[in-house]
Each structure stands twice: as C-alpha cells, then as structure tokens.
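Read from first to last, the chains carry the letters A, B and C; within each, the first residue is number 1.
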Amino acid sequence: MPDAPALSVEGLVVRYGGVAAVRDVSFEVGRGEIVGLVGPNGAGKSSTLMAIMGAVPPSAGDVRMGGRSIRGKSPEDIARSGISLVPEGRHIFSNLSVRENLRLGLVGRRESNGVGKDLEWIQSLFPVVKDFADRHAASLSGGQQQQLAIARALLAKPDILILDEPSLGLAPVVVQAVWEALREINRQGVTVLLVEQRAQITVSFCSRTYVMSNGQLRMTLTPGDADNTERMVHAYFAS
Amino acid sequence: MRITRKALLEFGAPALLLVAVCVIGELVSVGTQQDFISALVNATIVIALWVFIGNSGVISFGHISFVALGAFAAGLMTIETIVKPNVMPNLFPFLQHHSIGNVPSLVLAAAIGGLVALVLGAPLMRLSGLSASIATFAVLGITNNVLTYWEKIGPGAQTLSLVPETTGPFQALVGALIALVIAFVYQHSRSGRLLRAAREDPHAARAIGVRIERHRLVAFAISGALAGLAGGLLVHQIGSITTNQVYLDLTFLTLAMLVIGGMSSLWGAVVGAVGVSLLDSFLEHAENGTGVIFFHLKIPSGASLLILGVLMAVALLFRPNGITGGREVSLSSLRLRVGPRRA
Amino acid sequence: MTALQYIIDGIALGSVYALVAVGLALVFGVMRLVNFAHGELITAAAYTLYLTASWPKVFALAMSLLVAVALALLMELVVFRRLRYAPPATALIATFAVAFALEAVWLIAFGPQGKSADVLSSLNQTATHGKLHIRWVTITMVGVGAALLAGTGVLLNRTRIGLEMRAAAADFRAARLLGVRANRVIGTAFVLGGLFAGVVALLLTASQPLVTPTFGLQVTILALVGVVVGGMDRLVSATLGGFAIGFANSLLGDVLPSSQGVFLTSFLYLLVIVVLVLRPGGLFVPGGAAARVERV
C-alpha cells in the first residue's frame, strides 16, 4: 500500500509472565523519516523492538510494515522482508572475522544485484570494515563493533533500519560519527527508527521522537522541543 | 523454621501421598505389594536426587552410585556370617566375619553414602553445568566398575544374595518419611535457601559472598546419605542386588521421575517417583502377562521400556517444567480455604 | 605388537571417536542440546547393515547411511524441535527418553543377542609392511576419519551454510535476526550428525560385526565424555577431546596388563575427573583453566 507508513505499531502489548513490559503502545514511522524512541532503562523500548522483529510474541496489538501485518511471522522472515535491526549490545559474532560478519548481512538481502556498489558505499561510511576485514571481530573496539553492526545491517539493503541504543558505551566523538553516518543513510532513502536513552540529543536529531516509560508512550517531541527536553520530561513525571 | 500453615501443607501433601501408598500396599495381594514398596523406595531415591539437583540446578548422573554403595554395604553386612566365606571367599576378613542387624545396616548404608559423597564431591563442587554432570557420571562409572570387579569388598560380578528381606511397606514408608523430613528441613535451612538463590543468579550470589561450592557440598553429602539409605531399603526389599540393577537403567528412571514430576519442588519429586514407579510396575506386569487388579494386557518383552520412554518424551513436550510445574503444594493450587476469608 | 602398532591403533580408534564427537558437537553448537540419542543413530545404521547384508555392497552401505540420516531428521522434527526453547534439563532427559525408547525398539525387533553385520569384515585382513602388521580396517578408519573431518572444516569455513551454522552457534538469536533460518542450520547439523553416525557404524562393524541394542550407546557415552573434557563450546576442541578419549581408550587397553584390564574404565573416568577439575573450561581450549560462563 503506497500511502501506508513504512512501519506502524498499534495497541502493542508485550508480557513476560505476569508482567506487562509494553502496554498499549501505538506509533508510526513514515517512509524516509528518522524517528526516535527514548526512555529510561526498563521503559520497554527493547521489548517493543523485539516484538516488531518477531523475537517475542505480542500478547495483543499489531505490527505493520507498509500497511501489511507482520505479527506472528518468524524473526527470519521479518529480517528477510526489508527490515534490519542493529540490536542492543551489537551482537557481533566474535568467533568470526569482520568480513564474515559482513557476509552474514547478505542473508536478509532481497536483491542479489548491486552488492558491490552497496559495499563500496558502506565502506565509505565505515572505513573500519574494509581496513580490518580479516581481523577477528572480537578484537575491534566498541565503537568499531558498532560500526560493523550497522554496516552488516545495511548490507541487507533494508527499507527500514532499526537501531537499539547504538551510542551505549561509546565515546561522544564516536557517537557523533555514527549519527552522521545515520543521517547519510537516511538521505539515501532508508527509513530509520532510533532507540536511545539520551533524550535530548535524540530529540534534536530525529524528525519526531516518542518518549516511553513504564511500558507506555508519554509524549511526542520534535526538534523544536530539544532545548526544553529535560524540563518537559521532568515536568511530566513530576505531575 | 516457623511452623506455618504453608509449611504444614508443603510437607503434609507429599507425606500423605507416601502414607497412602503404604496403606494401599498393605491391603493388596502379595504380588502387587512389591510395586508399592518399590514406589516408596524409588520415592526415597528421588527425594535424595531432589536435595541436590533441585536445589543446585546441577544435574547429577552419579547419585545411583551412592544407592549402589548403600545397597551393597547393607546387604553384605546383614548376610549371615556362616554363609559369607563360602559364597564370597575373597572378602576382607573383617567383612567376612561380622554381621549386623536390619536397622544398623540402614544406618550404615546412609553413613557410607554420605561419607563417600562428601569425599568424592569435595573437588567436584566448583564445576558447573555439563562439566559437573559428566564428572558425576564418571563417579557412577567408577563405582560400577569397582563394585563389579573388586572381590575383596563384595561378590563382584555375581549377585549378592541371601540378604534378609526386611523391607515391607512399613519399613519403606519410614525410610521415605525420614528422607522427606530431612529434605524438608534442608529446604528451609539457610544453606538450602542460599543454594537456591545461587542457582537463580550465580554471579549475584558470588558478589555478595555466598560460598556456592560449600553449600553445594552440603546438599551433595545429604543427598548421598539419603541415596545410601534408599540403597539399604532396596537391597532388603529384593533380598539380593547386582551392579547392573544400580547403574544406567536406574539412573535414567529416577532422573526421569524427578524431571517429569517437576525438578524444582519436593512435591514434584514425590509425585514423579510414585507416578512413574507405579506405571513402570504396571507395564512390567503387562510384559509378564500377569494382570494388575482388573487390567489384563500382554505386551512383548522390552515394550515397557519403549512405552515408558515415549510417554516420558510426550510428557516433557507438553509440560517442560514437570507435572507440578516445579512448584510446591499451595493453598491456591488446592483452592482450600483454611480459616476465615482474608479481606 | 610394537609401540608404533599401539599408536596407529590409537589413532584409528581416535578417528572414529572424533567422528562421533563432531556429530555431537555440531548439534550442541546450534541447539545447545546434548543428544544422548546420537548413539541410536549408530545402532540403527549397524542393524540396517545386518538387514541388507545380502544386497550389493554399495547399496547396503548407502542404505545404512540413509537410515541414520533419516532417523536423525525424524528425531529433530518430532521431538527436539518442540524442545528448542525448553529448559536444558528437560531437553537432556528427553534425549535420554528417546535413546531408551529406541533401544527398546531394537530389543523388540532384534532380540538381546547380537546380530552379525559383516558386510565390511573383509577389511579385517592384515596388510604387512616389513615388521608392521596393520589391518585394512585400521587404515580405512584413519583415512575416512581424516577425509570427513577435513570436509567438515571446508563446509563450515567456505560455504554459506557453514557460515550460518557458525554464527548460529555463537549467537542464535542474533543470527535469526539477520535472517538465518533456524530450521535450516539445525537440520543441516542433524543431517551431518546422522551421516557421521552412519559412517561410524560402518567402520565399527568392520572390525566388530556383532550388533547389539547397546551398540552405539557405549561409544556415544565415552565420546560425550571426551567432548566435554576437550571443551564443549568449540568444534575443534570438542573433536580433539573425542579423538583423545578414543586414543586413550585404545592405548590403555593395549598397554595395561590384563589383570588390571578390568579396571581400565575406572582409570579412564578418574582421568576425566582430574582433567575436569583442573581445567573445567576444556582441555584443548586456550585459557580453559577458567571455566567459561556456562550456558547449560
């Protein structure tokens, strides 16, 4: 469906045993947008992403890609339909080389053509994957691993790229470089959903940012609210 | 330990089940009675297994070696001294010329089980997971090998027979209840609670200074003693014992009883033991062509093992945490209202 | 028998055990499951050889391998697939249950006495080279073992499915989130496991044609011990562990005087305990003195 948002989540509920980690969450990400999702630890952000990717079954609600429901599909099928996740903690395969890690990104790729061109572009974004191609992935620094994880996800040529806390544990300079790369990736037409803990910089970076806590969406902020983010978030929770 | 309503219920339910088995055992015909005695003896073994496996989370394949040691010790020392030098000429002299009574033999069996468990277990307790399981399996292998071939401490590969058959339903019940009481007290002891906490989150436990190895050893030694006791009960039930009877088949059977009943709870251990034991006996009767109460079924030899294996696989597919879900008996599970309704 | 003879025999038996170890380790790698029923695949192939003894040799061998692979896939489909996310203890006991159930099947179908599967027993003849007397079967064991192990290495390191398997072994969920199909990697592991089990059956019956219901169980238990001692988490260390225990078994069997021979098992197990206590992470794993975070 051409007018449908790239990704939409409707009334999502995710339970672990008796505890609801995600309670009736609805949001959408339009085609070509960069959308943010922020919140403190335990807010339910990762659970939301896991539900989107099919790694965790939702108790209620729906997840749609381009208007079509993907709820109930296996993670492999979802990964192969144009949506790539860069998981929290990067999850690089430490027993494999950088090159091999990258190759695994091809598994979810729908188009077999154009790999060379895409690889060149990815290498220009993240030179580390070319320079360290034969090194063990475990020997890379945190920042380099993060870049490898994004590069790997990009090689699948996804329509939608989701990142779970890519800046976690990285030095500010590295974070800056990563985000600039994300800006460039978005410019090439990839829709981006960015999940982060640091509210303020995310709000100023994304066209729209949802704020989540305790399993629910609390408010939506735009870059104009960036300077007031901390105050607004605190004011909301204080009331 | 406070005697709460909850504690009474959690102890009472398995105890009641064991008593019921004994009572029924006294009432049925002699042929069927052995099945109920077996259920009680197996329950003792599985309770012993639970003390270690249920609390530490480590799967031990070696506990039947303590059953074996208890059985051979109790059996050997209750055979009449006139007989021993003829049947087992190679025994150590003090084993050949001494003989003890029924109850002392059970105490001896428990003592040997506990002592060997303490000694062999000490170096093993720092292992976890699969390494620990393989190490305990090695213990089983060694015990079996030594008992089968060392003729100075036993009959070797031959059957140890002429053991007085003193385990009737009542003795089996007393043994099982003793095991239950000890297991229950251990469950509520500080060491038991710490071990369970460490099972859930070993890193956190270590971080606050819990000495996991020490608590594991306590559980291992207690379970070894209870297993030894069960071995004593076993040899006095059958009147004989061979090393094959306390090796792989029994290991599989008792582990399966524990897992099917529910590995984490004492209730699960007892339920699994009684249920699977009676089922196994029933199937054995069917193999022999003899009936049980009203059921007459004839199945080919070996089919009982097949049916048991299939049933176990099926049970695990549908209830991965066991029949009891690994939980103890609770008021909500019984929907009992004892006392006034709380607001 | 010279020392060289002992060593060659040790290498041969070690190769066979290494093949069993690889089968076990591949499945463990992708599923974190220790398949006690693996031995029954070996037994199944051996009995098939007995049943097809009158067929032309090539067909008999092929059929045995086919049966082992088919049984492996069947096990996965019917039992293990549903237990993929169950607690490890449950899965372990379930494999036990499958193993014992299958053993009961052999018992019912073929009886407790052994059946003779001597299709390959012509390999039991000796080839003489100077003072060295080696049986053809010994040479075959070493050759086939080496070839299959090399082939496995190639498969894992140079093919896409091998890459997917290695990724799945490292981090199953992350692999699925990249699109790696769980069923495909697990199925491949079982196919390979079944294939190797079949080959092991062929090699073992060549020197020892008598097939009993516990034919495969004894080998598997010992191989499993070797795998854990060697280091369960990595394929190379697991295979080396399997090789080592086969080698040790053969060597000790030849070297120990027969009066002590009955206690060979105890020596072996004692060795296992010592190694596990000193290097819980695995004998052939670098830094194995520190046990890795246990996943089981």
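General remarks:
Assume a contact is a pair of C-beta atoms (placed from the backbone, for glycine too) under 8 Å apart; a residue touches a chain by one contact, two chains touch by 3 or more.
Nothing here was measured: the structure is a model prediction, and the numbers come from that model.
Remark: the per-chain Cα centre closest to the mean position of all protein Cα atoms belongs to C. More contacting C-beta pairs link the chains of B-C than the other of the two pairs A-C and B-C.
Distance between chain centres (mean CA atoms), subunit A to subunit B: 52 Å. Distance from the subunit A centre to the subunit C centre is 42 Å, each centre being the mean of its Cα atoms. With centres defined as mean CA coordinates, subunit C is found 31 Å away from subunit B.
Listing the residues of subunit C that touch subunit A in their complex gives 160, 163-164, 166-167, 169-171, 173-182, 234. Looking at the complex, you find that subunit A touches subunit C at residues 53, 55, 74-76, 79-80, 84-85, 87, 91, 93-96, 100, 103-105, 107-108, 152, 156.
The residues of subunit B lying in touch with subunit C in their complex are 59, 123-124, 126-131, 134-135, 137-139, 141-142, 145-146, 148-149, 252, 255-256, 259-260, 263, 300-306, 308-310, 312-313, 316-317, 320-321. Partner subunit B is touched in their complex by these residues of subunit C: 34, 79, 82-83, 86-87, 89-90, 92-94, 96-105, 107-108, 221, 224-225, 228-229, 232, 262-263, 265-266, 269-270, 272-273, 276-277, 280, 291, 294-296.
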